[in-house]
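What follows are several structures.
Both complexes shown next keep chain A, but they swap its partner, so chain B is in the first and chain C is in the second.
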Partner chain A sequence: MKVVYPHMGHMWICVKAMLEYLDVEVVVPPPSSKKTLLLGVKHAPEFACMPLKLNLGNFMEAAEMGADTIVMAGGCGPCRFGYYAHVEHAILRDLGYRYQLVVLEPPQKHIGELLGKIKHITGHQSWRRVINGIRFGYHKAEAVDQLEKMSHYCRPRETRAGATDRALQSALREIIAVDRPEKLPAALNNAMGMMNAVSLDKQRPVLRIGLVGEIYTLLEPFSNLDIERKLGGMGVEVDRSIYLSEWINEHLFMGLKKNKGGSKLAKQKAIKYLGHSVGGHGLETVGSTVLYAERGYDGVIQLLPFTCMPEIVAQSILPRVSTELGIPVMTLIVDEQSGEAGLVTRLEAFVDLLARRKQTGKVLA
Partner chain B sequence: MYGYLGIDVGSVSTNIVLTGEDGTVKHSIYLRTRGRPIEVVQQGLKQMQAALPGKIKVAGVGTTGSGRHLAGVIIGADIIKNEITTHAVAASNVVPGVQTILEIGGQDSKIIILRNGVVADFAMNTVCAAGTGSFLDQQASRLNIQIEDFGSLALQAAVPVRIAGRCAVFAESDMIHKQQMGYNVPDILAGLCEALVRNYLNNVGKGKEILPPVVFQGGVAANVGMKAAFEKALGFSVHVPLYYNVMGALGAAMLAREATNRKSTGFRGFDVADREFKAGGFACDGCPNICEVVEILESGQVIACWGDRCGRWSNALAHHEKIS
Partner chain C sequence: MSATVGIPRALLYYYYYPQWKTFFDHLGVKTVVSRETTRAILEKGIKSTVDEACLPIKLAVGHVLDLKDRVDYIFLPRIVSTARREYICPKFLGFPDMVRNNINNLPPLIDNNMDLYRKGSSLYNLFYMVGRYFTHNPASIYKAYKASMESLHVHCRDMEAGRLPFETGGKDNQNYRTRDGGVHDVTIAVIGHPYNIYDRYISMNMIKRLWDYGADVVTADQLTETAFRREAGKLPKQLFWTLNQRMVGAAFYYFERPDVDGLIHVASFGCGPDSMTGELIERYARRSSRKPLLNLTIDEHTGEAGMITRLEAFMDMVRWRRHLDDVAATL
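Moving on, here comes the complex of A and B:
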């Protein structure tokens, strides 16, 4: 059995760690690229959203590398993501691929349901080992998140263009290389050292923008045209409303690990504007925008793939949040048609005017 | 005396303005780009130099438009900003508190929504609303009237004819039909303006909340018939600024003035008009993204490049041009 799972930012690092710890052979597809997207676009229904198309491309590229089993998260509720695994599997079957499918669904009642699925992939491993494996993967996710957060701080302040990106790449390599849980803390220390070595201009004034929206688009840099790096290069410190470890904790572990930031607060904040769940991360998008306004951020950018229903609901509510709380919000919708130049133009315009707004401390005169 | 240059290199036209320290326009130049942006910028600089009184010293330069990076590198711009920002800055200076900018040029249409002085949203032409300016030109010449008279004639209309303006092809055939039915020219012209405004609001301004004050700019803003049609459709008055035609270049000059405040300019002097520049490019095969990388060469030396997703080429250049 050679297992493949779709790309979503750096998720591959922690899933790989978990599965390899459990002696499962893993195929990591090449990073999502134009080629991945073209493959997906060609074979997916046109009105499916970009994540589905990229997943499909990932699976097709991985098949060439010998993958034969797909492991994917599922979901429930009004968002289409819940049946993506099955749709993708059906499309692949029609194309002649022979993939086995394992869907990791958020457990309805008990974490045991999830463990059972994982045990199915890992065969005869002991429960104890399976749990250790999951914990290992989770800790890697936390490490990666921490490094990414450091990069968000460094990028707008770096004194040499590209220094943060280079440091982050080597820091991540440290984490990727770890094959045993006990070695992780030392590697993380090393990696953080690399990030701390980036030379910074701490006096430089920076803007702060919060990124909210649909999780895949937030986490996968290919799908959002590398928005974090682009904004960083424009002198913006970004904060993402969802990090991978938080999502795993909430979505798959039923919030087993407490005090993990997470979306609870955001959901409470959303109530004033949107009283009930609309699936996906619609509630969190509204709530996080409120939180960013309260924390004095300069602006918020909402990211979503074209046709994403929960986010469209949120989008229609954000203008009210924006006016009431006085925080500028811009929505960016991505799909395979989005041109890079158009996106950059919009980002630049938004950032420029936030900067002007901050400088003058009032409306443009 | 100090002056600031703003250069707007678009796909159709290239505008250069020089403002004084107080932001007033001293001189402006309009050229057709004709697919040769480098030459046009150089030519424009020569004309500007010739037109300037000798005592003006350029203290800052800004570029904008689709050719902004190119022009910025060649000329040594202090700021390189996109058209949304420059148009918004220029309009907010002319009409403080502006909340909506309608911009219709020869080929491009866009709408910019400002809230609290910040661009909150914007859209650029969908296929159908592109070329509104050239379409008006065409129809004027078909009806045998000067484009300059178009607007004032339209204002004389008693009852504007309803023209199907969903797209230029329908609009044209419907106009011909209405002419044959015997409607008079002013009524037809006014009807055409209303059709184009409807088309713009439905296609470009789709779903956006248009609040006053509204600034109408771009070449088509010269047409008083279009202005009147916007006012009729929106229900409030629309402001056309004095330099409606060069707002991008004006905004770039204003931003250049801000950027060089207490700093020296990167302007490389008017003699860049005589140097030899070339734009080249290649498709990188470093990874499956196959980026199209653009290079600018001065006397055979690469002086700038962009278009790479990973920074492999642009970061490698010794003096890193910050593209923003």
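Moving on, here comes the complex of A and C:
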């Protein structure tokens, strides 16, 4: 059995660690690229959102590398993602791929359904080892998130262009190379050392922008045209509303690990504008925007794939949040038609606007 | 002077209007339904909605705007779920907020939750909360609720008996189906959301046109709940959208029926659930049925001429295919 799972940013690092710890053979598809997207677009339903198309492309590329089992998360609505695994499987079957499908999702009748699926993937490992494997994966996710956060801080302040990216790459390699849980703390230390070695100009004035929106487009740099790096290069410190480890903690561990930033506060803040959860991260998008405004950020960018339902609800509510709290909000919609130049133009204009706003604000004060 | 409550002629109006009307009638509350869709109503809706929203949402906003200055309240229940462990669509969940945050000077919205997601939940929760706006007498709310459930059942039975939602109830709806008395030699199943296929403007009178072309029309709403759920159970995973469960179930059902000659799947541009179920239906059709399937996607730019051309071509194909089958049977 060779297991493949779709790409979502750096998620592959922690899932790979978890599965290989449990002696499962893993095929990591090549990073999402234009080719992946083209494959997906060709065979996916036209109005499905971009994550489905990229997932499909990932699976097709992985099949060439010998993968035969898909492991994917599911869900029970109302966001479409809950049904993606099955639609993708049906498409792949019609194309002649022979994939076995294992969907990890909240069980419909009995918890045994989920446990049975985990047993099926891991073979006959003890539950203790399975839990250790999951913890290992989770800790890797935490480590990766920490490095990413450091890179967000460094990028706008670096004195040599590109130094942060190079440091981040080697730091991530350090984390990827870890194959046993007990080696992880030392590797993380090492990696953080690399990030700290980036020479910075700490006095430089930077703008701060919060990124909110749909989880896939936030986490997958290919889908958002590397927005974090682009903004960093324009002298903007970025904060993301969703980090993988927080998401795992909240959705898979049911908030087992306390005192970890999460969406609870954001959800409370959103209630004033949006009275009910709308699936996906719609509620968090609204709430995080409120939070960023309260924390004095200069602006917020909402990212969503075209036709994403929960985010469209959020998108139509954000203008009100923006006027009431006085924080500029820009919505960026991405799909297979998105062009890099168009995105850069819009980002530059937005950043200019924020910079000018900050300046005049200071003068008035 | 009793209060007036406005009900937009959009979204789930087609399923629940008789129930809502009965309920308000029993409480002595006057109801006003927004006018039938026109270009102007749609334009107004488009202007007040984000571009990415789907056509039904834009249209519903237009209907809210149509009611805005004429009523004391607008009845816009937040339709979370109409069946256990199922939803309608994220946009339904956020619709009252989308309206409230985009339109100024609205009359108060009655946006209590209609939520049957959990086991043991009942519609009474919704109606009790709504009733409290107008009376403090729980007994009269309960009586109104009972009566409203009765009219919901009558409505459902009527639909199952083959009448279309706009034909049940009110007298002004009766003469819509001006039967031409001509021969109806084929039967076409029209599969789509009620707010797409029954709205005469949005669907460009598709059902009437099909009648004129000599076709009988069946829709998903003529199936009982058990029937469409049984058919939809063929899917590897149960769908969590009630309306799409109905559409897929009906599509599978009509594919099997020998007396149905073709299917038309109507989706609105940008509809999330439709993009999934449309794909499933199409794949099913290709794999295990010989029946013609027409996939129509409609949005605010759809032109009437294009629609007519496609419908005519489809009808020709249906008849042609059937003729071939007849010939094949005699060989």
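Keep this in mind: the second predicted complex is superposed on the first by the 350 of 365 C-alpha atoms of A that agree within 3 Å, B and C clash if a C-alpha of one lies under 4 Å from a C-alpha of the other, contacts with A are read in each partner's own complex, and residues count from 1 in each chain.
Simple rule for what comes next: contacts are C-beta pairs under 8 Å (C-beta built on N, C-alpha and C of every residue); 3 or more make two chains touch, one makes a residue touch a chain.
Computed from a predicted structure; not experimentally measured.
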Which superposed partner A:M309 touches (first chain B, second chain C, both, neither): second
Once the shared chain is lined up, is A:G162 touching chain B (first), chain C (second), both, or neither of them? first
Have a look at where A:A90 lands relative to chain B and chain C in the superposition and call it first, second, both or neither. second
Give one of first, second, both or neither to describe whether A:G82 is in contact with chain B, with chain C, with both, or with none. second
Regarding the shared-chain residue A:L354, is it in contact with chain B (first), chain C (second), both, or neither? first
If I apply the document's touch criterion, which positions on chain A are contacted by chain B in one structure and by chain C in the other? 319
Of all residues in chain C, those that touch chain A in their complex: 49-50, 52-53, 78, 80, 85-91, 93-94, 96-98, 101-102, 111, 113, 235-241, 267, 269-276, 278-280, 283, 286-287
Enumerate the contact residues on chain A facing chain C in the complex. 45-49, 74, 76-80, 82-83, 86-87, 89-91, 94, 103, 108, 273-280, 282, 306-310, 312-317, 319-320, 333
Show which residues of chain A lie in contact with chain B when the two form their complex. 30, 33-36, 161-162, 165, 226, 233-234, 299, 319, 322-323, 326, 328-331, 342, 344-346, 348-350, 352-354, 356-357, 360, 362-365
Please output the residues of chain B touching chain A within their complex, sorted ascending. 81-85, 88-89, 92-93, 96-97, 114-122, 124, 209, 287-290, 309, 311, 315, 320, 322, 324
